[in-house]
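The two complexes that follow have chain A in common; it is paired with chain B in the first and with chain C in the second.
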Partner chain A sequence: MYVRAHTWWTILRIALEERLVYRGDFALGTLMRFLPIITQIFLWWAIFESIGSGSVETAEIANFTFPDMVAYYLLTMVGRAFSSMPGLASGVARQIRDGEIKKFLIQPVDMVGFLMLNRIAHKLAYYSVAILPFALVFYLCRGYFTAGWPDPLTLAAFVSSLILGFLLGFFLETSIGLIGFWFLEVSSLLFVYMLFSFFLSGHMFPLDLLPEPWNLLVDLLPLKYMAYFPAAVFLGKVSQDELMLQLGIQVAWIVFFIFLSRYLWKRGVSRYSGFGG
Partner chain B sequence: MSEQQPVLVRVFLTFARNSLVREMTFRTNFFIQCVSAISWTLMNLGFYLIIFHHLNRKPLADGSGWQQNEFFVFLATTWIVFSIVQAFFMPNVQEFSELIRTGNLDFVFLKPIDTQFLISFAKVDWSALANFVMGILLLTVGVWRLTTQSNNPLSLNLANVLLYWFYVACGVTILYSLMISLAATSIWLGRNQSLYDFWFYITNFSRYPMEIYARSWGWSLWGLFTFVIPILIVINVPARILARPLRPEGPWLGLPLSGFAILATLVCLVISRRVFSLALQSYRSASS
Partner chain C sequence: MNVIELKQLTKTYRVYQKKEGLLASLGGLFQREYRDVNAVRGIDLTVAKGEFVAFLGPNGAGKTTTLKLLSGVINPTSGTAQVLGYVPWERKNAYRRRFALVMGQKNQLWWDLPANESYRLHQQIYRIEPAEFTRTLDELTGLLGVRELLRQPVRELSLGERMKMELIAALLHSPEVLFLDEPTIGLDVIAQHNVRQFLKQYQLERQTTILLTSHYMKDVAALCERVVVIAHGQIEYDGSLAGILDRFSGHKIVTLAFTENQMPPDLTPFGEILEVLPPKVKLRIDRNVVAEKLASLLSQHSVEDVSVEEPPLEEVIADVFSRATRSKEA
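Now for the complex of A and B:
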């Protein structure tokens, strides 16, 4: 047990150090990523002003006021910082394709577990650097959070939705990557996923804005937990009794994708054949 | 100089043909690239359809006249301009920073042709023109609806259409100048990986009607992106000439802005040419 924990700890530490090499570039890149928020602010400012016929204060779209909208976009950045997994699925598929996956068949290390630790380290390194630009931008934009900090319960729900968002994103993308056992090249599949996830996760706009048939569709998909849900929780758009239900559904999706990734791994390995060294 | 002109055109046509031949070698890949470009574009359209659904026949910015059909023209112009840039310049500029890093730029110098020309036009990404077609389609829909609407219909003549394409060309030129100047900086920096990111974040400002910046500290952005890095006029001027959101035209456009657009295009072109040749002078080959 101790040996095992030690192995995992070493993997985590190495991955963390590896990630912290380019921290300056990293922080600058994160700050740049907030630039599109500026255009979003002005776009929605103009839209709300137009709806309110000249006054922003009274205007509302789907229960969102103008400050809500800006706060929403900022919060989805936080949500995405947890749930997005750049290069995970394509990395898994590549390892399958070029045979690197063989090492997990020989060594007593579980591949999904290894990937997970790597990802946690990646994320930890990312947060430790990105917290500065994030804090700066949120401080500058504090005026848009008109309701101030939410109550402790909501805050706890927000934090858990973020962590669950990480798990969901991880197992979902791992599952997509493991499809590589059958297709070898998953980039077009991944593209379709990214396309839908950008539009239907709430990254592009609050999902409440979607008209009738679409909002039902979004409720049936796991994508909304990756960006929309944490932000909606923070802004108090989810009622207390619905909160528990929604978190439950999110956990159910995670469990589903854990089993799916296990199943795909098992079936995939049994049909995999590796040649050469 | 004058007898060199026809040669450049023929060289470019050969480049374009070669690129097309290469793309047609992998037709399925070409087709997938077209589809993926179009799907992002359609999503962009979906976003605005949702916004206009909530705006309920009101304009995008109060008193600006950018209603749905006018904005279709604007959006179509965005797709047209950016697809041209994407098709003709993006692949080359990306290649450029790689040429510098590997030292292969040496071979470009050896060719008996203008270096900037060779760098800028060697490749054409034909699949990016899928969005050009999409832009033309949306433009047709927007203009057709505007000219046939019963309330205050738009009347267009040949001069409007010609001016529109003239200013689209100006817009493309401005973006090209910005792009080649950014790329030239990779000579000084050795490698410029975030070039594409930076490009994306900066040009993002040009994708909206300029009225949305006309409030509080947005004015400073408006000034910056109109007069210092004139990317706001790239889409706004042509789109406004064709869609004329305010009929009769308000204070936003008239002679000053359209005249300024021509001036800005020329200045951008000259400056980018200067930056490029200046950067080339500090090029140190990286190869053996």
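Now for the complex of A and C:
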């Protein structure tokens, strides 16, 4: 056990060093990430203005005031910082296509575990630098968080939902990447996934805006747990008993994708090694 | 003790036959034609501990497929294999800690980091004791003369240097069996020589069992006492390098220098004429009649100089390959 932990630590440390080679690129890139939000905020400003017939302060949409809306977008940025996995699925598929995957058949190291440590390192390296622009933006926008800091319990739930969001995003995208054993190229599959994710994760708009039957569907799908859910928890939009249930659904999806990725890896490797390449 | 035992090992690939043209490509989305490629067909082979064996064969002969089977990257279609008592394609960690595969420049190294860091990782995943690790790394970097490059990012190394670093990565855990697929491909003459020298010395000291494929006859001549010639997925020859000549080359090359203006007009009764540059003639003479023909030549004509040579190895082996092709087509 100790030996294994040490191995993991070494992988993590080396991956971290590798990522830090690119640190210069981080800071500017992070600020740029907030740009799309600004357009969304202007759009919502106009919408709230027309609903409140000129007065933005009094208008409300699905229990969201204008400051709520801004806070929501900023918080989904945090959620997505944990759950989005740029290049993961396409990277796995590329490794399968060009045979780099052989490394994991020959060396005594587990690919999914290796990728996960890599991704943790990736996130740590990125956000140890990106935390500065994040903090700056949140500080400048502090006025929009009208309710102030949530209570410790909600805060704990928020942090848990972020960490679970990371795990969910990781195993989900790894599973998509592993489909590369059958399709070789997963970019169109990934595109479809991104499209659904954009609308149904809450990245585009708060899911509270969805009408009734859709709400239930979105609750049951894994997507909303990667953007909407952490933000909603922070803003106190999730009631106590709903919170436990939804965290449960999130965990269930993680377990599902862990098993799915294991299964795909096993089947994929036997297919790969049957074909050669 | 046999380290490697193959019995009737067979591998058939199913490859997709893509037709030319866009329409045909679209059709390929729904119905695909496959063709079976018999990459390896029924190979029997045993290798004892400490042997250094070369696989020779033209492209597509099944050399690399055999190495992939032995390292567990692919599963066979039929037949059995045991390496160090393990079935390779079960991919047990215990087996994976005891062998290594080096395939061209497919990098096991982290591109943006110094090789040193990749080696640290290998130390962990192969569970190498720290003292052992330091000793092996020191020995290998010394032998290959790359000690000062350990701290340089891998992407800044030359091809030859990178190959050396790859070799070190593969050897850090002191594998008992080593598979080398074209270890000198793409290297310049000096780097090739260095890698060869290193492998020779390493094998002498460690008595590692090594299987190597290479297109460079020099690699083979310098390193391997045993040569396995593979063509069309079958073993055509298994023995010493010199034995290939005895077995497959039916003739010798005889060069004669006649005394000025004494060159006979017709030499065809003695052998096949390869080259005439008066007063010199190069003849190809059947191996079993060389002595007889030479005796009559010398008694009938005035000859100043004679040399008898084996034909070049490359030629003989190329001949073996094309013969295998012909017999397969027949």
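The criterion applied here is as follows: the second predicted complex is superposed on the first by the 271 of 277 C-alpha atoms of A that agree within 3 Å, B and C clash if a C-alpha of one lies under 4 Å from a C-alpha of the other, contacts with A are read in each partner's own complex, and residues count from 1 in each chain.
Throughout what follows, contacts are C-beta pairs under 8 Å (C-beta built on N, C-alpha and C of every residue); 3 or more make two chains touch, one makes a residue touch a chain.
Only a predicted model underlies this, so the values are computations on that prediction, with no experimental measurement involved.
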Next on the checklist: Quick check on the chain A-based superposition: chain B and chain C, clash or fit?
Outcome noted: fit
Next on the checklist: Taking CA centres after the superposition, what's the angle at chain A between the directions to chain B and chain C, given in steps of 10 degrees?
Outcome noted: 90
Next on the checklist: In the overlaid three-chain picture, which partner chain does A:Gln107 touch, first (chain B) or second (chain C), both, or neither?
Outcome noted: second
Checklist entry - A:Gly99 contacts which: chain B (first), chain C (second), both, neither? => result second
Next on the checklist: According to the stated criteria, A:Ser188 is in contact with first (chain B), second (chain C), both, or neither; which is it?
Outcome noted: first
Next on the checklist: Output check: A:Gly248 vs chain B and chain C. Expected answer is one of first, second, both, neither. What do you get?
Outcome noted: neither
Checklist entry - Does the superposition put A:Gly29 against chain B (first), chain C (second), both, or neither? => result first
Next on the checklist: Taking the superposition on A as described, I'd like to know which of chain B and chain C A:Ile11 touches: first, second, both or neither.
Outcome noted: second
Next on the checklist: Just to confirm the geometry: in the superposition, how small does the C-alpha gap between chain B and chain C get, in angstrom?
Outcome noted: 6
Checklist outcome for this item: Residues on chain A touched by both chain B and chain C none
Next on the checklist: Applying the document's contact rule, which stretches of chain A touch chain B when the two form their complex?
Outcome noted: 25, 29, 32, 35-36, 38-39, 42-43, 45-47, 49-51, 53-54, 61-62, 188, 191, 195, 198-199, 204-205, 209-211
Checklist entry - For chain B, which residues are in contact with chain A within the complex? => result 32, 36, 39-40, 43, 46-47, 50-51, 53-56, 58-62, 64, 194, 197-198, 201, 204-205, 207-208, 211-213, 215, 218, 221
Checklist outcome for this item: Interface with chain A, chain C side, in the complex: residues 11, 13-14, 39, 65, 68, 71-75, 89, 91, 93, 96-97, 100-101, 103, 106, 108, 110, 112-113, 117-118, 120-121, 123-127, 153
Checklist entry - Okay, in this complex, where on chain A does chain C touch? => result 3, 6-7, 10-11, 14, 17-18, 21, 99-100, 102-103, 105-109, 270, 272-277
